[in-house]
Structure formats: C-alpha cells, structure tokens
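Both of the next two complexes hold subunit A, though its partner changes from subunit B to subunit C.
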Partner chain A sequence: MDLFFEILVTALLVISGIFGFVGSYGLVKLPEPMTRLHAPTKAATLGVGSVLIASMIYFAWFNGHVSWHELLITLFIFLTAPVTGLMIAKANIFRHWSKEELPPTGAGTGWATLSDAPSLMDDGADSRLKHEGD
Partner chain B sequence: MRRLFPHPYLSVLLVIIWLLLVNDFRWGSLVFGLILSILIPAFIAPYWPQRPTLRFGWKLIAYFLLVIWDIIVANIEVAKIVLFKSNRDLKPAWIAIPLELRSPEAISVLAGTITLTPGTVSCDLSECGHALLVHCLHAPDPDSVVVDIKSRYEARLMEIFS
Partner chain C sequence: MIEYALLFAFGCYGIALLFNLYRVVVAPGVPDRILALDTMAINMIALLTLFGIRQGSAMYFEATLLFAMVGFVSTVAYAKFMLRGNIIE
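Then we have the complex of A and B:
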C-alpha cells in the first residue's frame, strides 16, 4: 500500500512540475502582454493544486496526521488569482488599448476602464445594477 | 440577529477558515472563531450593504465540481497550445459577453470562473454592469465561446443566485 501512495504522490508532483513549467514557458513564449497573462494565471490553478493535493496525501498517509492548510491555500489562491488577473488586464487596457480596438459592449455604455465619466460605482453600485436599464 | 450577523454565510465561512488555520479542534479556537465571525462582518457591512440571495444545495456543489473538471480539461488544452502552436497560428480575440445576471456577487463568481478556466481571462465590466469583456487565448470562433460561457456557467449561476 505504501508503494501505491508513493506512486500517487510522485505522479501528482510530476504533473504539477509539468504545468508549472508550461506556465512559465508560456510567459516567455507568447507574443503580447494580453496573451502572456493567460499562462501564469493557469499554472497557478492546476500546477499549485496538484502539489497541494500531493502534500495532503503524503502527510495523511506517511505521517499520520491530516493537515488542512493545503485546502486553505487552494481556497485563497482560487480567490486571489482572478483578482490579480483582472487588475493586470485593466492596467494593460488602460495603457495600451483604445476604445475602437475593443469590441462594443452592446449594453449602451462603454467599458468601465476606458470611461470618461466619473465612476458610477461611488454611489451605491448594488441598487444601480438591479434597476438601471433592465 | 440581523444586526449581529449581516452576512450569515460569511460568518460560517470565517469560523470554518479559522478552525482550518488552527489545524486542530479546540474549544478555545471555536470561541475565538465565533468572535471573529461577529467582528469582521460588522466591520465590512458598510461596504457590502445588501445580502446576496444564494441557494445552497446540490446545484452549488455540482457547479463547483463542473468548474474543477473544466479547469483540469482546459489546462491540458492551454498547455497544448503553448507547447505545440506557433505564435503565427494563434488567434487571440476580445469578446463581449452580454450578462443576464444582475447580482454583483453572481457577476464576480462568473468573472472568477472565466479567469480560472484556462484560455479565457475576464478583463473588464461595462459601466452599467451589463456586459463582461473577456480575452481569449485562442478563439477561431468567438461566438461559440460566448454561447458556451452563457449556457455552461451563467445559466447555472442564474439558478443558484435567484
């Protein structure tokens, strides 16, 4: 049984290594900032995910105690990765893209990052999202 | 009760996270977790005035499993694109997804899902909050991506946040 878990943990570690490598390689290889953004935000999900699962299995089986910190790390990564991706994308849109290059919203207003109007989010975004223009 | 727990789900989540951080069950840490679950929601209540309507049940669990499965499948696809496709053949595209979701929490979950599933990154929201700007790594047919996201994720989120 030990052998089975050793193989499982090894396989997960190798998988995480491969996806971590592909993520970093994509960061170098892909042509422009917006496509480069794809590679690292992805390596975070499967690469880090499988190394954490490997760690959980290893400590549960070989050291006899279950550690819950890996679950928390997964949760925090899944919460923060989209936010950093969004912030990088918004910074890139703001600096390098014009309104004409982006597709139309089809909703009557422009994209929030390239808007000339003062931020509408300052005055109760919740009520506005529910009532305006429905 | 409503003033003590403005966001009951958040309070429950905070207690669970605190117990997981301690990594060992003790009554003292449960009490401290309860104190945190009252203090933190009280501090953030002014910034988060409305309580989202969220239905717990099989649909939410099914949605999580679907997203995890999609992350695994799509990771392999993006790895193939990065390793075996030359930059000339790559067709990156911006797409605008018209949203039917109106709850801000549901839109955040949808945007997060889109970013986590490889090949797509959600980049911006329209000013009125009724459309989402998504960047695709490789999309020969952008319209099918819109249909895919709307039927696969948004329709399910509409049922969960209703």
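Then we have the complex of A and C:
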C-alpha cells in the first residue's frame, strides 16, 4: 500500500511540474495577448491543483495527519483565477482594441468594457408600466 | 521515488519562474506584465507547497495561503488601475 501511494504522489508531482512548465512556456511562446491569457490558467488549475492534492495525500499517508489547508488553498485559487483572468482580459480590451475592431456581441448592446450600460427606455419597460397601470 | 519527483517539479517550476521573469522584463504590453506577475504568484504557491512536502512540515500552508491572497489582490489592483486609472474610487 505504501508503494501505491508513493506512485500516486510521484505521478501527481510530475504532472504538476509538466503543467506548470507548459503554462509559463505558453506565456512566452504564444503570439497574441489574448491567447497568452489562455496558457497560465492551465498552470493555475491543473498544476497547482495536483501539487496540492499530492501534498494532501503525502501528509495524510506518510506523516499521519490529515490537513484541510490544501483544500482551502485550492478552493481559493479556483475562485480567484477566473476573476483575475476577467480583469486582465478587460484591461487588454481597453488598451489594445477599439469599439469597431471587436466582434458583435449579439445581445443588442456593445461590449461592457467600452460601451455604456443599456438604457432602460429600450427594453419595453415603459409599455409594461402602462399595462400594469390599466 | 518521491524525492526525484520533487526535484523534477522544483526544476519545472524554477524554469517556469524564469520564463515569467523574462515576460515581465520583455513584454509587448502592460497587460502581459500583469499576467506574468499573476503567474509568478501562482508558481510560487506551487513551489512553497513543494518545499513543505520536502521539509515534511505543515508550517508552509499559512505562507501559501497568504501568497495566494496577496497575489490575487495585487493582480486585481493592477488591472483595475489600468482600466480606470484609479484603484478605489
């Protein structure tokens, strides 16, 4: 059983190392800012995730105490990684794109980074108010 | 066996940190630098956890959690500053 857990931890560590390396290599290699945004998220989820799972298994099996800190860190990273991705993508749009270059949103309003919020007058709110008053 | 896997992972994350440092210094735009700094924080989280496994002590988790929080807040602050020219309006 010791050997099984040793192989499991080793495999997780190697997977995590490969993903961390590939994520940062993609950050250098990929051609455009928006595609460069894609690579480090792999390092953030799979790389750090498998390191933390490996640490959890290691401490539970070889050191004899179960620790829940790793799950907390994983949860925190999984919650915050999309937020940072969104903020960096918005900063990218704001810096490098104009309103005409962006593809259509298909929602009747423009991109939220560059356009104003849609007016309340356009969504039929007035007619609804009229019917409720009748 | 775990020792060798740890060494491999240390090497991978070390080279990844060097790539990130290169991207911070030589970047086509400011968002790329922010992204590289964010990735640096994430790689440091992984490195600290690996170091904790190597030392066999659970003391490094608090440092890891702190690193995760400060990295997130600093990235959001940078991106917000680029978007609005101001962090807290």
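Following the convention adopted for this analysis, the second predicted complex is superposed on the first by the 115 of 134 C-alpha atoms of A that agree within 3 Å, B and C clash if a C-alpha of one lies under 4 Å from a C-alpha of the other, contacts with A are read in each partner's own complex, and residues count from 1 in each chain.
In the analysis below, contacts are C-beta pairs under 8 Å (C-beta built on N, C-alpha and C of every residue); 3 or more make two chains touch, one makes a residue touch a chain.
As the structure is a computational prediction, the values presented were derived from the model and not from experiment.
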item: Partner chain(s) touched by A:37 [first = subunit B, second = subunit C, both, neither]; value: both
item: Which superposed partner A:82 touches (first subunit B, second subunit C, both, neither); value: first
item: Partner chain in contact with A:67 - subunit B first, subunit C second, else both or neither; value: both
item: Partner chain in contact with A:112 - subunit B first, subunit C second, else both or neither; value: first
item: Subunit B versus subunit C as contact partner of A:25, first or second or both or neither; value: both
item: Subunit B versus subunit C as contact partner of A:55, first or second or both or neither; value: second
item: Shared subunit A contacts, counted only where both subunit B and subunit C touch the same residue; value: 18, 25, 37, 67, 69, 72, 81, 90, 113
item: Complex contact set, residues of subunit C against subunit A; value: 1-2, 4-6, 8-9, 11-13, 15-17, 19-20, 22-23, 28-32, 34-36, 38-39, 42-43, 45-46, 49-50, 52-53, 56, 58, 61-62, 64-65, 68-69, 72, 75-76, 79-80, 82-83
item: Subunit A residues within the subunit B interface of the complex; value: 18-19, 22, 25-26, 29-32, 34-35, 37-39, 41-42, 45-46, 49, 67-69, 71-72, 75, 78-79, 81-82, 85-86, 89-90, 93, 101-113, 115, 117, 120, 124-126, 128-130, 132-134
item: Touching residues (chain side subunit A, partner subunit C) in the complex; value: 6-7, 9-10, 13-14, 16-18, 20-21, 23-25, 27-28, 33, 36-37, 40, 43-44, 47-48, 51-52, 54-55, 58-59, 63, 65, 67, 69-70, 72-73, 76-77, 80-81, 83-84, 87-88, 90-92, 94-96, 113
item: Touching residues on subunit B, where the partner in the complex is subunit A; value: 17, 20-21, 23, 49-50, 71-72, 74-75, 78-79, 82-83, 87, 90, 92, 94-96, 98, 102-104, 107, 111-112, 115-116, 118-119, 121-131, 133, 135, 137
